[in-house]
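Both complexes shown next keep chain A, but they swap its partner, so chain B is in the first and chain C is in the second.
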Partner chain A sequence: MIDKLIMYMQFTFVQYALIVGVLIALCSSLLGVTLVVKRFSYIGDGLSHVAFGAMAIASVLNLTNNMWLIMSVTIVSAILLLKTGQNAKIKGDAAIAMISVGALAFGYLLMNIFLTSANLTGDVCSTLFGSTSILTLTKEEVLLCIVLSVLVIILYIFNYNKIFAITFDENFSKSTGVNADRYNLLIAVMVSVIIVLAMNLVGSLLISALVIFPAISAMHLFKNFKMVSISSAIFSVLCAFMGMITSILAGTPVGSTIVAVNVVSFLLCYLTGLIRGRLSK
Partner chain B sequence: MKRIISLLVCTLAIITFANCGNDKSKNKIPVKHTNAENSESQMESESGENEIIDLTLLSDTMVYGEVYTILMAPDDYIGKNIKIEGTCDIYEDDTTGKIYYACIVSDATACCFQGIEFKLSEDYAYTEQYPCLGDKICVEGKFDSYFEDGNTYYYLRDAQLAE
Partner chain C sequence: MALLTAQNLSLGYDSNVLIENINFTVNPGDYLCIVGENGAGKTTLIKTLLNLREQLSGQILIGDGLKKNEIGYLPQQTELQKDFPASVKEIVLSGCQGRCGFRPFYNKEEKELVKINMDRMGITDLADRCYRELSGGQQQRVLLARALCATKKLLLLDEPVAGLDPKVTSEMYSLIKDLNKDGITIIMISHDIEAALCYASHILHISGEMFFGTRDEYMVSDAGKIFLMQQKGGQNND
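== the complex of A and B ==
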C-alpha cells in the first residue's frame, strides 16, 4: 500500500489536490471556530448553495471563467447574512435558510431550463458532492487557490484579536471602540472566498462539515479560544489529508470520504473529552 | 509574533508556488517495459516505444483523474501505449454512418463519465470480434490523433482487447 501511495503521489493532479485541499481545510477551520461560536455554523451550507446558484447563472451566460461571478455573488450574500450582526430583523438561521434554498432551487431550475451541459445530472451531482472536482484542477486554479488561501490566513492572523472580540461579544466590542461592522464585513468576505474554493474539495452539500467538525472537535478538548483555533486547524488539515489519501487509495468519492474522516475525528475527540472529564472528577 | 507567523506562511506559499511551477514533474504512472533484456528492445524502451501506461492498476478515483489529465493535455501522451479498463460505448454518426467505439470510465459516485475513443487493429473481424455496447472491456492501444471535419480527435490506434 505504501508503494502504491508513493506511486500515486507522483501524479501532478494528486499533488495539486493535496496542496489545495490542505489549504482549504486550514482556512475553513480557522473561520469555523468564529462561525460556530457566533451560531452561524450553517452559513457554509447556505453560501455554498448561493455559489451553486451563481454557477448556474454563469453556465447559462456561457462565461468561460465563472469563478469571479460566483465569488462576487457569494460575497454579497455573506455580507447580507453576517454584516448585519446580531441586530438583524431576520435572524441568522432563517436568513441562511431563505437564501440557501432559494438559490439552490433557482440554480437547478435555470440549469434545467437552459440545458447548458450534455450531462446535467453529472454536473449537478459533481458540484453538490465534489466527487472528483479536486482531482481535475488546472495549474491556474491551484495558484489562485493558494493566493486566496494565504491571503485569508494572513488576514486572520493580523486581525485575530479583533475577530476574537467580536466573536464573543459584539456589542461590548462596539462599546470599547472596535469597528465591529468592518470586521463582520471582513469575516463575510473571507468566508465567501473559502466557501467558493471549498466547493471544489467537498462539494456544496458537504462544505458545512469542513467548517463545523474541526471546531466542535477542538472544543471538546480545549477551552481556550487560541488553543481551539490552533487544534481545529490541525484536525482539519489532518482529516482532509487522510480523507484524500483514503479516497484515492480506495477509489471512493473525495468529498464524502473527507467528511467521514472528520466525523470519526469528532467522535474520538468527544470520547477523549468525556473520559478526561470523568477522570478529572 | 504575528509578523513571524505571516512571514512563515508567505515563505511556505512561495515554496509551494515554486513547486507548482515545476513542469518537469510529469505524471509517473505505472509503466511496464516489454522484452527489457533484449538490447534492441532496451533501445526502444529508452525511447518510450514499449512503455505501457497501465491505468488498470489505479483506483477508480485515480483513473478518472488521469483520464481527465490525458484529455486536457493530449499532446503529452501522443505515441504512448495506454491500457484502460471500462465500459464499451458505441456512437453512430447519423450523417456519415461512421461508427465510433470508446472505453468509458466513471468517477466514484458514477455520476460523471468520460472516456477515450479506440479503433481496434485489423486483426479483429468486424463485427464478430468487436465488443458490444455496455460490455466491460480492457483495451490497449497507442494514443494518437486524427483530423476529421475540421477537428482534431484523440484515440487509441491499433487497439487490442486485453483479458
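== the complex of A and C ==
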C-alpha cells in the first residue's frame, strides 16, 4: 500500500491535487470560524449554489475562462446576502433560501436545455459533488489557486484582530471608529473566493461541510478564539489530506471522502469535549 | 468647552419620531444619568451619540479635545453570541482596536493598558477564562475593562446593572463611582432611579416631560416628582 502511495505521489497531477486541496481546506476553515459564530454558515451554503448557477451560465455561454464570471457573480451575491442578513434576520434567511434554490434550479435548467453533451447527468453530478477534476488541474489553475489562497491567508492574518472584534461585537467596534462595513465586505469577498475555489475540490453541495465541520470540531475542544482558529485550520488540513490519500488509494470520490473524514473527526472532537466536560464536573 | 453637547436632537426610526428636542451638555467630570421608561429611546440616544446611527435632526457637538473614537461603550446586554469562543483577555484587548488604526497587531503599550484595566476591574485572574462561562457580574466587568481600553475620558454605559443581583449591583455602582472620581466622565442609562439619584450629578429624563438639569433640580421638578412617585408606587406593588 505504501508502495502504491509512493508511486502515485510521483505523478504531478497528484501533487497538484494535494497542494490545492490542502490550501483550500486551510482557507475555508479559517473563515468557517467567523461564519459559524456569526450564524452565517448558511451563507456559505447559499453561495455555493449561486456559484453552481454561474458555472452553468458560463458553460452554456461556452466561456473559455469561466472562473472570472463565477467569481464576480458569487462576490456580488455574497455582498447582497450579508447586507440583507444584517438588516432583517428573518427576511435574510428567506432571501438566501430563494437565491440559493433559484440558482440551483436555473443552473440545472440551463444546462439541460442548452448543453447537448452525452453525459449531462454526469457533468451536473460532478459539479455538485466534486469530480475527478481536482486530478485534472492544469498548471495555470494550480497557480491561480495558490495565489488566491495565499492572498486569503495573508489577508486573514493581517486582519485577524479586527475580524475577531467585529465578529464578537460589531457595535462596539464601530464605536471605536473601526469601519466595520469594510471588514464585512472583506469577509464576504474572501468567502466567495474560497467557495469558488472549493467547488473544484468537493463540488458545490459539499462546500459548506468544508466550511462548517472543522470550526465546530475546534469549538468543542477550545474556548478562546485564537486556539479555535488555529486548531480548526489544523483539523481541516489533516482531514483534507487524509481524505485525498484515501480516495486515491481506495478509488473513492474525492469530495465525499474528504467530507466523510471531516464528519468522523467532528464526532471524535464532540466525544472528547463531552468526556472532558463530565470529568471536570 | 463642554465635552459633549446635544442641540435640538430628534431621534426615531425611518420617519417615526421617537423623541424630539433633546438638549443637554456634559462637562468633564460629570456623572449623567439618563432615565425614562422602557422603550423611551434611551439606547437609541446612546447609539446616536456613538455615531452608530443617524439622528433625524439636530446636532451633537463634541469638544475639549475628545475624539469620536475615544468614547468607551458598554452595550446593553443582549444575547451576545452564546457559544462564542473568546477568552477574557481577547475581549479586553479588542478594546484597543480603535487605537491601532490600520496597524494589524496590538503593541506593547496596548497590552500593558489591558493589564492595567483588568487589574482595575479585578479580573486579572480570569484572563484565560472563557467569557461565556463567567457570571453576569464578571461579564460586565470584562466589558467595562474593554470600554476603559478605548477611552481615558468618557464612558457610555447602557444599563450596566441589568440582571445583576443586589450585592453585585452595588459593587458595580461603586466601581463606576470610583472611575468617575478618577476623572472619567460617565453617561449612564439606568432603570434604577434611586441609584441614579444617589450617584449622578446630572439627570436627563426622556419620557413624557423632558428634563435636563442637576440632581437637586430634578428632585423638585414636575417630571422628577411624577417619575419618582410612579417608581416608588411600582416598587410597593411588587
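In the analysis below, the second predicted complex is superposed on the first by the 271 of 281 C-alpha atoms of A that agree within 3 Å, B and C clash if a C-alpha of one lies under 4 Å from a C-alpha of the other, contacts with A are read in each partner's own complex, and residues count from 1 in each chain.
Quick note on the criterion: a contact is a pair of C-beta atoms (placed from the backbone, for glycine too) under 8 Å apart; a residue touches a chain by one contact, two chains touch by 3 or more.
In this text the structure is predicted, and so the values were computed from the model without any measurement.
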Side-by-side fit of chain B and chain C on chain A, or clash: fit
First (chain B), second (chain C), both or neither touched by A:239: neither
Angle at the Cα centre of chain A, taken between the Cα centres of chain B and chain C once the superposition is applied, in steps of 10 degrees: 170
Which of chain B and chain C A:249 touches, first, second, both or neither: first
Chain B versus chain C as contact partner of A:223, first or second or both or neither: second
Greater chain A contact set [chain C / chain B]: B
Touched partner set for A:146, first chain B, second chain C, both or neither: first
Partner chain in contact with A:164 - chain B first, chain C second, else both or neither: second
Touching partner for A:10 - first (chain B), second (chain C), both, neither: first
Minimum C-alpha spacing, chains overlaid - chain B and chain C, in Å: 7
Common interface residues of chain A - those touching chain B in one complex and chain C in the other: 157-158, 160
Residues of chain B that touch chain A when the two form their complex: 2, 5-6, 9-10, 13, 16-17, 19-20, 25-30, 58-62, 64-66, 68-69, 72, 107-109, 111-113
Sites on chain A touched by chain C in the complex: 37-39, 157-162, 164-165, 167-169, 171-178, 219, 222-228
Chain A-facing residues of chain C, complex: 47, 50-52, 67-69, 71, 73, 75, 80-81, 83-87, 90-91, 93-95, 97-98, 100, 104-106, 128, 130, 132-133, 146, 150, 156
In the complex, chain A residues that touch chain B: 7-8, 10-17, 19, 119, 121-123, 125-126, 129, 131-132, 135-136, 138-139, 142-143, 146-147, 150, 153-154, 157-158, 160, 247-254
